[in-house]
Amino acid sequence: MDIFDRLKAASPADWQSYVDHAFVRRMGDGTLPEAAFRAYLVQDYLFLIQFARAYALAAYKSRTLADIGVAQEGLAAILHETGLHVRLCARWGLSQADMEAAAEHQATVAYTRFVLDCGAAGDLLDLHVALAPCVVGYAEIGRALAPDGVDALKDHPYREWIGEYAGAGYQGVAATARRHLDDLAARAMTERRFTELAALFGKASRLEADFWQMGLDLGAAAAR
Amino acid sequence: MDIFDRLKAASPADWQSYVDHAFVRRMGDGTLPEAAFRAYLVQDYLFLIQFARAYALAAYKSRTLADIGVAQEGLAAILHETGLHVRLCARWGLSQADMEAAAEHQATVAYTRFVLDCGAAGDLLDLHVALAPCVVGYAEIGRALAPDGVDALKDHPYREWIGEYAGAGYQGVAATARRHLDDLAARAMTERRFTELAALFGKASRLEADFWQMGLDLGAAAAR
Amino acid sequence: MDIFDRLKAASPADWQSYVDHAFVRRMGDGTLPEAAFRAYLVQDYLFLIQFARAYALAAYKSRTLADIGVAQEGLAAILHETGLHVRLCARWGLSQADMEAAAEHQATVAYTRFVLDCGAAGDLLDLHVALAPCVVGYAEIGRALAPDGVDALKDHPYREWIGEYAGAGYQGVAATARRHLDDLAARAMTERRFTELAALFGKASRLEADFWQMGLDLGAAAAR
Amino acid sequence: MDIFDRLKAASPADWQSYVDHAFVRRMGDGTLPEAAFRAYLVQDYLFLIQFARAYALAAYKSRTLADIGVAQEGLAAILHETGLHVRLCARWGLSQADMEAAAEHQATVAYTRFVLDCGAAGDLLDLHVALAPCVVGYAEIGRALAPDGVDALKDHPYREWIGEYAGAGYQGVAATARRHLDDLAARAMTERRFTELAALFGKASRLEADFWQMGLDLGAAAAR
C-alpha cells in the first residue's frame, strides 16, 4: 500500500464523493449535458493557471537542483497542457479569450487557493498531498471511464477528455507523482503527521467534488 | 473620495450583491432563520482563524518596526475577537469544540485562501484590498442595520451581532483600516494598478456574498 | 537528550565557533572594545526587526488558534524587546534614529534572511530549528558569562547585556522554546529529516559566529 | 533613461563598488589568482541554485499564463546555465560533487536570501529590482572586460567567463530583463516607491560587491 492508497483509505467517503460524482458518471455514460461540460472546461482552464503556480511554488520550496528540476518539468508540462486545453476548448466553440474573460467560480477559487495555501503554510509534502486528488485522481477517473481502453471509446461524446486522462501519457505522469509522494513521505512523514495529511487529503477531495458539482450547477443554470 | 470609495464605485454590482445580500436584509429585519445564523457563526469562527493568519502575513511582509507593530496589533485584535466570538456562540448554544470540529465550507475556504494568496503573490496593498470588503464592509453593514443607533435595537434577535459592528469600537477599526489603505495606495498605487486592484476587490466582494449565501443554504438544509 | 541537545551534538565545531567566539569571551572578561559592542548593538537592532518578521511568519504558517497565539506572543515579546534594546543603546549613546539609519551589514542580512528563507521554503520545524541558535543559544551564552549569578556581575562593563540573557526571564523564554522544538519534532521529525535539520542548525550556528566576528571587525575598523 | 539606469544613478558609489571591484579588474587584466577564481566558481554554483528558486518564486507570484511562462523560461535557462557552469568548472578541475559538497559562504547566503526575501515580502517589481544587479550587471561587466569583442580575448586566462557574459546570447538576456523591469515599473512604480527600490538596488549592489570580495579573500586564504 503506497501513501496515496493509505490517504484514500483514510477518507473513503470524501474520495468516493469525488471520483464517483454524478458529473463523472454522466460524463462516462455520455449523458452529461454539453453546457455542463463547457462550463467545466472554462473553469478548468482558470484552474490550470493556479496549478502552474503550485508547481512554481514547489520549485521555490525545493533545496536541491534535482528537486527544482522535477518541479520545473511539472510546471513546463502544465503550461504545455494549457495549450492542449485551448485546442480541446476550440473543438467545443470556446476561444482562449472567452476563457480568460470568464469569472473564476467560487469552487475554482476554493480548491486552487487551498492547494497554494497548503504549500505556502506547510512543506513540499503538504503541497503534494493537496495536489494529489487532482494529479492522481484524474488518472483513476480516466481509467474508470475507459474500462475497455481508449480505442473502445469510438464516438463517445467525451472521448478526447477521457482519452487524455486514460492514455498512457497521463497514466505515467500520475504513476510518477505517486512515487514522488512516497519519496516525500519517506523523508518527512511521521505517523502523527499522517493524521493531518489525511485530513488535508479528505478536504482536497471534497473541494474537487464541489468542482464537479459546479459544472452540473452551471450547466443546469445555462439550460434554463 | 478615498481609495475604498473608489474601489466600491468600480464594482457597484459586486458590492451590492454583498452588502445588500438577502442574508443581511433578513438579519436586519429579524426574519433570518436561527439555523442560518448559527451555521454562519460556525463558519465565521473558522474564517477568523484564517484572518488572523492574514494579519500575521501582513506583519511578515512589513519592512519597518512601525508597520510590523500595526499588523501585530491587528493580529492581537483578531485573536481577542475570537474570544468574543466564542461567547456570542455560547449564547446560541455552540461550544468552541463544536466550532473547531466543524468542516470548513467551500465558501469559507474560497474567500479566506483567496485573501491569503493575494497577499502571498502580491504586496501589502494587494493583501489589504482583499481584506477590505470584510474589514470595512462589516462596519458599513453594521451601520446600515442600526440606522437609529445600537440602543434602538432593544429586543432585536441579532442585537449583539449588529451592535458589535455598528458600535463605536468597530467603526473606529474600520476607519483606521480605510486610512491605512489610503497610505498604502499613496505609496504604491499607479492608475494602471488601480484597475487590477478594483478587479481583486470586486472578486473579494463576490466571495463575501457567496459566504452569506452559504449561511442561507446551510440554514435551509438544516430546516429540512 | 532533547532535540536541541541532539542538534548541538551533531555540529560541535560549528556550535563552539559560535558560543565560544572571541567576541563572547572578551565580552565575558570585560576586554571587548566598546566600539565592537556598539557596532554589534546597532546591527542587533536591525536583526530584531527581521526576527519579528520571523515570528510573524511562524504565525502565518500556523494552522490552529493555539499555535497562532503562541507565535503572536513571541512576536509581541520581540517588539517589546526592541524597546528594551533602544534603552540599552541610549546608555551607549546610540539613538533609535542612529540605528535605523545604519546600513544592514552582510552578516546581519545573511543570518536573518537565511532564517526567513528556511521558514518560507520549509515548515515550522525548519523555521524554529533555524531560530534556535539565536533564541536558545543566547540563554546558554548568558549563563556562561554569569557563572556566579547576575548579582555577582556588579561593575562589569557589559552587565546589562549579560544580565538580560542570564536572567530568569530570558532563561524561561529559552526553556519554552526548547520544549516547543521538542513538540514540533515529535510531530514532524523523522530520523532522515534529522540529518537535514542538523545541517541547517550547523549553518545557522556558523552564521551566528560570523555575526560576532562582524562586531569585532567593525570595532577594529572604528578604532583605526 | 530606463528604470535600470535610474536605479544605477541613484546609488553610484554602491554600483561602482560592484562593477569596478578589484576582483573584476584583476579578472579583466588577467592577474586574478586562479585560487580566487576557483573559489568564486564554487560559490557561484551554489548561488545559481538559489537564483533558480528566485525565478520559481517569480512564476509563483505571477497572475497570468504569459507572466508564468516568462518566469518559467527564466527558470529553465538557469537550470541550463548550471549545466554550462559544471563544464566550465571541470575545465578548472572542479567536479559537480566538489561544488555540491562545499559550504555556502556568508556572502552567498546574504545576497541570495536577500533577493528571495525581497520577493517573498514584496511584489514582482521588488524581486526583479533585487535580481537586476546580477542579471543586468553581469552583462555590463562582461562588455567592459571585452572592449574589443570576445574574439580579441584570445589567450586570456578568463576568456570563457568573459566570453559568456560579453557574448550576444547573454547580452540579449540582459536587454530583455531591462525591458521587463520597465514593464513592471510602468505597472506598479510610483515616485515614492522609487526611493525604496533604489535603496533595495543599492543594497543588492553592495552584497554583490561583497560576493567578489569573498572570492579575493578565499583565494588569499588558499594561497597561504
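Here the chain labels run A, B, C and D in written order, and each chain numbers its own residues starting at 1.
The definition used in the following text is that contacts are C-beta pairs under 8 Å (C-beta built on N, C-alpha and C of every residue); 3 or more make two chains touch, one makes a residue touch a chain.
Quick caveat, the model's predicted, so the values are computed rather than measured.
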Minimal step count in the chain contact network, subunit B to subunit D: 1
Smallest count of steps, each to a touching chain, taking subunit A to subunit C: 1
Same-residue or different-residue interface between subunit B and subunit C, half as cut-off: same
Pair exhibiting more inter-chain C-beta contacts, A-B or A-D: A-D
Of all other chains, the one whose Cα centre sits farthest from subunit C: A
Whole-Å gap between the CA centroids of subunit A and subunit B: 30
Between subunit A and subunit D, centroid-to-centroid distance (C-alpha), Å: 37
Residues of subunit D engaged with two or more neighbouring chains: 53, 60, 62-63, 120-121
Interfacial residue positions of subunit B with respect to subunit D in the complex: 60-63, 120-123, 126, 186-190, 192-193
In the complex, subunit B residues that touch subunit A: 53, 103-104, 106-107, 109-110, 113-114, 116-117, 120-121, 203, 206-207, 210
In the complex, subunit C residues that touch subunit B: 49, 52-53, 56-57, 59-60, 62, 64-65, 68-69, 71-72, 75-76, 79, 82
